[in-house]
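Two complexes come next, and they have one chain in common, chain A, joined by chain B in the first and chain C in the second.
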Partner chain A sequence: MELAVAPQDQDILLRTKNVINESVLNKYRLAGQVSQTALTYLTKLINDSYHLNQGPKLTTAELCLVGDSFLASYLENVYKSGVNSVNEKGIAQPVTIDVNSVNGGFGPEIDDEESKNFQYFEIGDIVTISLGCHIDGYTANLSHTLVIYPPGEEKDGELRPTGPLLGNKADTIIAAHIANEAVINLLGAALTPEKLPSIFNNNVGSVVTGSLIRQIVDEIATNFKCVVVPGSRVRRIRRFLAGQSEGVVAEKEYKGVVWSEADQEASLLEKASTSQELITLSDKQNLRGKGINQVSAIPTDDFVVTPGEVYIVDLKLASIAEFNEVGLVTLETLDGYTGKNHDKDSINIKPSIFVRDFAIQHTLKLRTSRQTLNKIDKTRSVYPFKLAHLSEKFPLDLKKLHVEGPESIKSDIDLVKKEIRNARLGLSEIINHHLAATKNVQVVKFLPLHHILNTANPTGTHGFDAANPTLPGLELPLPRLGVSSLKLKALLKKNSIVIPVAREQSTVVLVQQGISTGGRPELLRLTGGSKTSKPSWVHSNYQLDESKDIIKSLLQLIKLGQDKRFGINIRETQPVKLEHV
Partner chain B sequence: MPSRNSINKPKDTINQARKRASVSRKRAARARNGEFAPARSSEASTSGLPKSTALALYNGASQSGVLTTKTLSKKRSQKIERNKKYIARRKLDEERLLIDAQANAEESMHVDDEVVKQVEEPKKSKINTIKDALWSVIEDRSTESLIVDSTGEGTTLGGPSFF
Partner chain C sequence: MYTCNTCSLQFPTAEDQRVHMKSDWHRYNLKRRVANLPAINEALFLEKVSKLTINEEEETPRKEVKNNKQITKKEQRRIEKEALLEKKKQLLEIAKQNMLKSYHEGTLNETNKVITSEKKETIVKEEEEVAKLSISEESKEEKKDEVENLTDDQLAERIMEEKLKNKVEIPLEVCLFCNKKFPYFDACITHMHKNHGFYIPEQKYLVDKEGLVRYMGEKIGLGNVCVVCDFQGRSIEAVRAHMLSKNHCRIPYEEEDEKLEISQFYDFSSTYDDISFGDDDGDWEDVEGEDVGDDDVEEEEEEDLPQQVSYNDGVELHLPNGTRVGHRSLARYYRQNLRPDQVLTEGQGTVIAAESRHLMTIADRGALLEKKRIWKNEKHHQDRDDRRAAKFINNQPHYRDQLLQ
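Then we have the complex of A and B:
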């Protein structure tokens, strides 16, 4: 269903409001600052309790609630009154803390019983914190993967980790980090294309295209024996369109590189044969660029990065070095029902993050449902939310928490729990009528290829998984083999192995000439960067293969990014010192 | 499976399954003993023989074979008879045709070399070609020997600090 918007309004919403100028840039910058500060805050909480033995150990659910409270209470005081006040600001991505193989969406509610087996981290876990906020729809999201070390040892009067993390988890962290940095440098090079190493020039000339981004990320992944996990993307974002409801709402003029299972299929086929006939999709299989309403909603790699755009670089990598067989890295959705065999070790959790679908209208029957929906519509925007956000007591008073201790806000937390319970009752009707869509919790899995090749597939490509909406055009995970997402889901149940995943996400603004302070074009890195997303101490046995031309040029590009005078101009948004907040 | 004493026992399912199992056991035993007459159009077909009667009456002679209550209906036996006639006629026609063809071939002076029939391989569907290609990837991989990366020192990120 399409929402009716007048062409003039559409032009204002999609074009005029997205032109980077001083005020827009300030909003982006502040959003980035808030997100960065929230990340340092959460990192500090985790570090204090796990590494430095200071302060109480918080559970994952508590960390999420505290993190959300931090974002919300910080945003309460910005763009509040006067000419500059904005109508909408808030959490753009509720805090999720994904451990090891969890791909995303793990942000349990404070009263969640199912998550109680996964409250604390273990030594050697890799933990991905994702969060984001927006001011007036200008969004800054981030993700960063940390390592949980054994308690530190005293050295030079400071507690330090005893050694780097090794093994496949380390490989994934390194690959994700390098890939993220490489793409950001590449996006920066789009501002000054003359500095792009000559090997990256293509037939269009010296421009940064989607296929170039894909080529580089894939190359880095292969070097570290990793695979880019489906759902990773490098995409342009716009005001209120930060990819929060991909699959739920088809977004016109989608611009970005999206990785899916189909790309893994293609790269496997490339190994087997040189015939392009097998690899290229036939017209029937290839939905990209077809249809009337979908023309531009279907992601393709044929785009050129231009100055004045904002991008999210969201890369998740998983290592397959431990497997001695060929396989597919894919995602399995956890729904809290299936596979509940009293197995305490398997992750089993209901989704806790939802996103409102404004295209659907329905009059709800239950009073609690109507109340909940009212509350959602009044207080939440197009961005994902959690039930805790609807509570009267949200955001929690963090000053009180840190001054008087956790006991002081216990009554508030109890109240939040009670309100969540009421809202949950109403929410089920809302979800059942698709007024809101769930953001599923997914785990990354490795499925040996022979299981896919051996399976009988009588229904062919028919049927897609409605519970897991994908971007238009990517409904079929394996288009060449004709395997549907439902078939893949069935195969995953028994034959697959969970693998750890590392995720690095940053938001960057490509500021064109004349806007930024120095007047030079610059890449403003809203989130991530050396201050907040410094990689943990990890060591991999693999390295970038410098004998290859593409890697050589890539290293050259990264060096350009570090060269302040003649290289690519990259600036990072710094977090605010926590004492000042 | 829940026990028979459980509260929510699926009573009917259990009983029916048991009944079905015992019936099929008996049926299998009967088949093993040859108590089931094969379908009639087999070699031991009785069509053409005196028609069976609905009930074998005791006539003093010792019973040969198996007693069955299944009989051929009048209609079915008529059809079988008719079909047999057709089959015989068809066979005759074919033989005659073959002889004619042979005679024709001999009459004409063309003596062809034996034509090698080119057996065309059934064309593989695209999905099967793709599957084969992917199988080859799996096979190549399994014959691959262990690759040791000893060219360098690997990669280290970060440093000995929690911050």
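Then we have the complex of A and C:
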């Protein structure tokens, strides 16, 4: 590696700057506030156009651009000057609007032709809005899944949906919501371990560990006949390390629970066989640690949540209730190639979000590429970016949009389109030389297990999918069956079925005693919560099985979370009223 | 018993004897014995020695006189002449140094005239001194007693007078060497060039041709010196005869001091631009500063001669104006356009600090070459073995039916 940071600087950057104190907390809080407000803004735009029939119907690409503009223009005015000014602030996660089965990364550029067929939402769609921002590297990301209802009926002077959403989409939304809340309560309990229900105590004592989080999330998912989609994670984040380049950067001291195909494989095998040999990974099969300096870069569940840390709870759940057979829920990357393999109805767009890889250095040949790279390095910090962000006209003037209508900013949008075209030329060279990595658009798919079991696997475990990097140690999706990611990719092409996914993501700060406002340790929920991420009206056929001890204790824990006085102290960051922005 | 027969002494030990043998007294007695004289005792010897040391200073001139008496008159004259020539050489050297000094001191702003006049003065002075010397030599024998009584200044004046009395003014239209008269100066020059080989060097830069010829004329007429060698004639005729016979009719223009002697008549300032301190600066190349932007400034700075070198770190000269000067042999490194050091922002630094990937390292070329060499060798050996094996493929002496085995 050409670049290196001195050990003492490393210590400052990775430890000292991550100690939660008043100023750091303020930055987190403000970042959370901006994200929350942006979410309410986007929710309002969607509600207005789809449910209340007010205002124009914006396309997905426009919504993304408008959302990014909102974040950027809001952030322009904070921590701007004086002693408190920060060098780096901005969008930490460009707005993506993933519909139904899209797992993430769907934020088409304004000039994207391929997303033309998927511009508007249909009734019954579940729409996940993901966004995030950071101030001085202190990041607050969020995701929330909404439901698009049919035109509502008037009730008590208010337009309301005619009925709840039913079916597997409803199951996923409920499961995701409950899982998210449960994990947040669990993290809150890490601040006051004495309040943790006794059933969760393990041999270490009453602490919240990674395996406990996994156990609870898996339990909730099975109750709703859902599966935790690979790529879901509950992870500790640090300054500038909010998981934005997972798979690209092998981050030292990774702390978090990550769900992958391997976990589903283990649970499937558990059901089918009593043989412990099959389920536990032998050293030979376990490929974790290959190509990585630090063992700590490989995620394990073997960690304890401690106060003073910041966590992202990012759970994606997909329902498999409709299938009568066992199978694997996995992700398929959309490559954006056109041709015979793709019909018009299936989503196929090119990735539009990229993240810079600073470890790689290369002098580019094209002038436009160099200019683009310079612009990225100067303005975009270390977070994912879209080409629209590099435009001169970005952020768009949203006031003008709302006062004078969408026609008024058409010329600006045209300019942005033009600049995107130029930057795209430069970007191809940047991507080809791995100076930046793409954030792939992925869809969630169900692959019946018999297809995997019946397949011939002559290459064994040697096929890693380089185009779709994973976290270190998770390169082999099915280590017990010895199926490589390339094999799985090939299998997905014909045999798999697309399934909807719901995603809830929140960022929480575990504030220790003495720093929080009340003096008590509290869990500061930066994003999500009852104000912005209220679950849509859905009814599921399933519910939590209260006969189980673990569920009982879980409900007890959730009740504690709602008890302000004696329970777990959870404080939510509220959005700013849109009229004030 | 140890004895010394020469000095008729006895010594108790061998050591004492040895010390005695080395002493001056013993040596003196040895010499006396050779001359058939009796040995003297130590007291007498010491007395003699002390007498000698006292009288030494007084005796030396007398001794010299004694010596002089021994050598011939001819030899004596030769010695005197040599001494004189030596002195003259020294004087000429001093004159040249003065000239050089005045040349360097003379700044560019001053008019050429001033410089030339100054130089002329100095040169005339030197000439006079040289002339004095030659005169003194001539009249040495007659006025030996007088000269000895006179002081230096008086001597100089006298010599000067003599010289000026004997001075022969050579007009410009007259040939320096054969005293032939011409109607005008240029005709005279052509004559001297064609008949005597009086070639005037670097005519392109010659400013004062007449001055140069007049200077040469003075050298011959006043100083009675050959223009090429150190020959000094007693009269102008003697010098001319020497020059014609030895063909010393050219202006020497090979060594630096020769060039400097007549440099006052030349003006080489038009050539300065081409060379432009080439001697000092030629081996050094300008190193580009770290900023590419201030190229123009640097070019301007190049014009000025660096007044002093701030310091030399062994590789580069650091000039006071901030320019770094490196050696030409390293030009290929200076010509490289290296990427400026990347300054990481905090975010980039954090990501790099948290990074734990192995990135591909550059393969060790040496190791790779070694490996390739081994592979090649192995292949070569294998081929050779195959070839050898192939020789014996079909050498079964008797036919064997495979089925009958």
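Note that in this section the second predicted complex is superposed on the first by the 567 of 581 C-alpha atoms of A that agree within 3 Å, B and C clash if a C-alpha of one lies under 4 Å from a C-alpha of the other, contacts with A are read in each partner's own complex, and residues count from 1 in each chain.
By our rule, a contact is a pair of C-beta atoms (placed from the backbone, for glycine too) under 8 Å apart; a residue touches a chain by one contact, two chains touch by 3 or more.
As the structure is a computational prediction, the values presented were derived from the model and not from experiment.
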Inset, instruction - Look at A:520 in the shared chain and tell me whether it touches chain B only, chain C only, both, or neither; answer first, second, both or neither. - result: neither
Inset, instruction - Please work out whether A:326 is in contact with chain B alone, chain C alone, both, or neither, and reply first, second, both or neither. - result: first
Inset, instruction - Answer with first, second, both or neither: which of chain B and chain C does A:400 touch in the superposed model? - result: neither
Legend entry - First (chain B), second (chain C), both or neither touched by A:493: neither
Inset, instruction - Applying the touch criterion given at the start, work out whether A:564 contacts chain B, chain C, both or neither, answering first, second, both or neither. - result: neither
Inset, instruction - May I ask you to decide whether A:540 touches chain B, chain C, both, or neither, giving the answer as first, second, both or neither? - result: first
Inset, instruction - Check the residue A:5 against both partner chains and state whether it touches chain B (first), chain C (second), both, or neither. - result: second
Legend entry - chain C-facing residues of chain A, complex: 1, 3-5, 9-10, 13-14, 17, 87-88, 136-137, 238-241, 245, 249-253, 291-294, 296-297, 358-361, 363, 377, 381-383
Legend entry - Contact footprint of chain A on chain C as seen in their complex: 339, 342, 344-359
Legend entry - Residue ranges of chain A in contact with chain B within the complex: 47, 51-52, 149, 152, 155, 158-161, 164, 173-174, 177, 224, 268-269, 271-273, 278, 282, 324-326, 449-450, 453, 480-482, 534-544
Inset, instruction - Give every residue of chain B touching chain A within the complex, in rising order. - result: 126-127, 129-131, 133-138, 140-142, 149, 151-163
